[in-house]
């Protein structure tokens, strides 16, 4: 039985984010009047090392066994404060946060008195819950130091090689007959215009020569169960099935090029090609057109695909530089040239020096293409000349965006990871965790994350290898303790919870009753809410705790 | 200090007030003006838009004359100074054209080397004479006046060629005015164009361009606009009535050559400074100075 | 790559105007709009826009420019040459277009012909005339005590040199 | 296993260090300034999520500070290097803080009492700090440091106020610089970039007109921990600015400055700052004068769409030619052409923000010389091959991540940081196999 609660409350000013709108000293005084609170103080920045030291000192001085921090959002700062409590000897689950910034000062900037009153309510609720908190223990899980890489393009190959070079076994699954992905469809690569084979061949040889990498082609991942450190994988292909276990998974399934059917007469007139087809013509030196017009952002940066596909401008520039020759006229109709960074600005300059003409068009007045015998007539309003411009071309090349692969949806359900509104895989945090998924142990790299060029894909592949190597190098991972637990006495074995669990983290045990798989459970609470017998409790969010918070909310300050 | 004096067509033809003010101030500061015998037009207005070789020939010819005198060449007009500078730069990098021009110069027995030092009015007063010399010469400081300096485009641009002052934040003319005891203001549009070389194509636009600046400095309550370039002065001063009728707003505003203000501060009689030739209402300023 | 900012010698022999203009860096223009934005004429005369002049030159329409009067309304303030991020000089390109227009006898302001004639015949643009003071009195160089104007000693040799250049170039 | 040396304590250096340390490889993180955090610590919010920058950075900084496998050396710089990958011997010169790191609690009392004020680099010189100061409230390590060029004791042998008020008697004037030697298996460069000073672009009047700021200065102005506490006051008269304009590509995409490349993240941070203005002052008018809108990253186009439709930020395509200042009101008039309609117009505003080029760190030359690593034509570290080995330099075992090898945004820097950690881990693994 935990000893009687001795709660310490720390109210943060967060510079002026809270301090300018909430009367922090008043909230601290009020906290002292609450039951079980033995110490309350304020900080300028609780998350600074000075603030964290103050928490540790207060715990020692006042022999605290519960801590409440009233500050900002748990999303970014809860782990930090939990670790601080643990270092001072208080179990990290005997900690509760009250968000008096995003949910209080920031939304009530214009009513400081009400904001202060609400801050007191939120602290009172947090203290009421803190009194009932029970310590949680995080079971340690063994991590199988081997990895599954899904997708054998440049990203998948590079990730596999890096993991192998770091000493881990890798299984590389590719649905096509051979590895290579887009490297096989491209002839040369910008910015240096080297042959794609120059990048592909070394990767293939290194993979073949590396004993730690097992390649399975013509196959797809069919089943994925388990959790970080212990994923059971089912792969099917070539009429065979395989089952094996890995510790981590890297998604590198790449992306496809949009086929611009129905746009600018594509598919109805042979003189309308995509950049990839144009490159093929140039490669086979079958490209003898004298007047070429290219149109950028075809099927991109519109309602259906509200994103810029990053590489089409540079791909078009690479192609025109290979095709430019005296006597051949090339026009590029663009909206915004994306020649960013030190490497790509040069492509734009080189193309212009070779006589390629760049003409801007406006999205609300897109080019009109009409087929005629002697060529394609392309009319568009040119803001450069403030007038309608008419070009006729014997070849029209469309720059189309990269789009998610067909089976992205299926794979996302298999791995229990989500896709963003454009259908690309959604990472844990777009800014600071671009490679991790929210689900531990699974990582994303390459164009499956979002459109990018070969160099940027290689970078993300190496990054995924580094992220995956962390749990595999440590061989151990601590699972979260905020999980649900089934009371075997109350459970009737109806299995409703098993159906609704999004992470299939509940199984029937040998007695036919429901049992939670600790490592897989994400603590989302759906099973607890659906269980007809009220047999499932959520650690850290028990009914009593929530009830105590609710009652505290209704009390007058 | 001796200089080959090259006033240029516009000064000698109708900006004689400016020439008078120069001839009656610079000698008092120890600058001996020796006319360039046989000088001709610098070639910029007539030929730059017509024939490049004729333009560079015209400038090279005058530099050749100065070289023969063995003196640096003092140039009053911004346009001529830029034309000479550009000619020196171009001929140094284009031997084919230089050969053709040398051939034509030989007809008059002239040879162009290209090492003559080109002195702009700013260079003469600000660098060569300097603050002390000018302040010593000032016996009646112009205290209580606030002028707007108009350096003129060709005195400050293009910065690829070395120009007498900075292209975006010129300060030399301001300081020259301050050394006379007056104040200046860094008014918006200080580096804007007077529009004069647009005269052949669209006189009306010249009026509008010049009118904007006059309205600006008048609205700011300055006491006068000061320049050293005859082209700019000709528009701002001589054409003030024409600007008024075109622009329709009152633009009556005193406009001075710097050497006129310098002369007044050195107590040179206004008649010797050509001040009676200024068409703009300079009398109010002269009265306040107690023009003797 | 620093490009020579005034036109190269080839204006004379090749007469290939388009190449000459392209060598003046016109081809790398980003159409960014910096040159018209501070141009004293662009905001006052419709149709005069240094950016569009460069765009027309880039798409081979210099012929159209030479025939239109637009190239004659630049006031040579050099702001465009000064600030172009790609080191292009619309001013120098306009001068080159003017010279080509004169060479092809296209329409252009008569004042230029008068100036050329005056300089050949007298060595200067205008002869000194009497000027009026504010009080409408007439004054001239002599009344201001100024020496006679500077002009070529041997007018015929001077004219011969100039006319030679005008013919050969 | 040998440790890895990470040079530069910005977000890239922090991420590389955490990746390596989390998997058991020891890291020495060398940072030139008194605190890690880099430029990201100076930002108010970040695009495209509008997270508060220090809120997502501080936890990682503290994780670095408390990580048993990471040793942070601040106010330190690399001075020599010998050896090859797997056996690099480096010398690191540690400049003295004149404060005992063990005793100082970061309470800041010394700073309050210190009589000497200097422009604060962290506040982009809009605010001030004392001669003895804490870099910023969430600095890591949170230890005071004395600027010996400003401190009266070091310059004139008087004062010593900080010593008297310090309850932890942590002030140590006689502290000397010392050099430590490290033997590491590989080196990761994450030294970041610098902002181009736009004073040489005279037509925009930076340094002449009081109300023309750079984007980093604006970040401090709009930030709650900034000198004005986040109130958008104009430097000239302290009035709150409601009409603000951004000018893009200042110094970038320009031959004459020597930086003809595009600095990659300015269109996005200009949009973010514009939205911040609209959040602070909903009645404000914000214009962004751009050339090409560079919105090539994940979530970027959607962010710009929201800025236009939800927040009413106005985008005008046309690089302004010049700015003039009204002598009385100090308001600024931007002269530009709207190249979408070919009309020359003027935009009079109260505040102009210049988005300046991201240029190479001025230490790159010296550092490149010490490390034997090639620089590119602009002065950034050059990578072996941007396509197949994007984070490797010309020397084996030395890697680059973040904007020290070209301008890029935070997600790319973070990904590259993890990539260099992978390469360093590969070197470690090879080292072990060789034994």
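Each chain gets a letter, A, B, C and D, in the order it is written, and its residues are counted from 1.
Going forward, a residue touches a chain if its C-beta (ideal position, glycine included) is under 8 Å from a C-beta of that chain, and two chains touch if they have at least 3 such contacts.
What you are looking at is a predicted structure, and each value in this text was computed from that prediction instead of being measured.
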Taking the mean of each chain's Cα atoms, which chain ends up nearest the overall Cα mean? D
Whole-Å gap between the CA centroids of chain A and chain B: 66
Note: chain D sits from chain A at a C-alpha centroid distance in Å of 25
Whole-Å separation of chain centres (CA-atom averages), chain B against chain C: 20
Chain centres from averaged Cα atoms put chain C and chain D apart, in whole Å, by 48
By the touch rule stated above, which residues of chain C touch at least two different other chains? 31, 51-52, 79
Find every residue in chain A that makes contact with two or more other chains and list them. 349, 360, 384, 386
Can you list the residues of chain D that touch 2 or more other chains? 203, 253, 339, 342
Between which chains is there touch? A-C, A-D, B-C, B-D, C-D
In their complex, what parts of chain B are in touch with chain D? 166-169, 185-189, 220
Chain C to chain A touching residues, read off their complex: 27-29, 31, 51-52, 55-56, 58-59
Parts of chain D lying in touch with chain B, wherever the complex brings them together: 202-203, 205, 208, 324-327, 333
Considering the complex alone, what residue numbers of chain D touch chain C? 203, 249, 253-256, 291, 317-322, 335-339, 342, 344
Chain A-touching residues of chain D, taken from the complex the two chains share: 11, 15, 19, 22-24, 46, 48-49, 51, 55-60, 62-63, 65-66, 105-107, 137-142, 224-225, 229-230, 253, 260-262, 264, 292-302, 305, 339-342, 376, 378, 380, 385-391, 406-408, 410-412, 414-423, 425-426, 428-430, 432
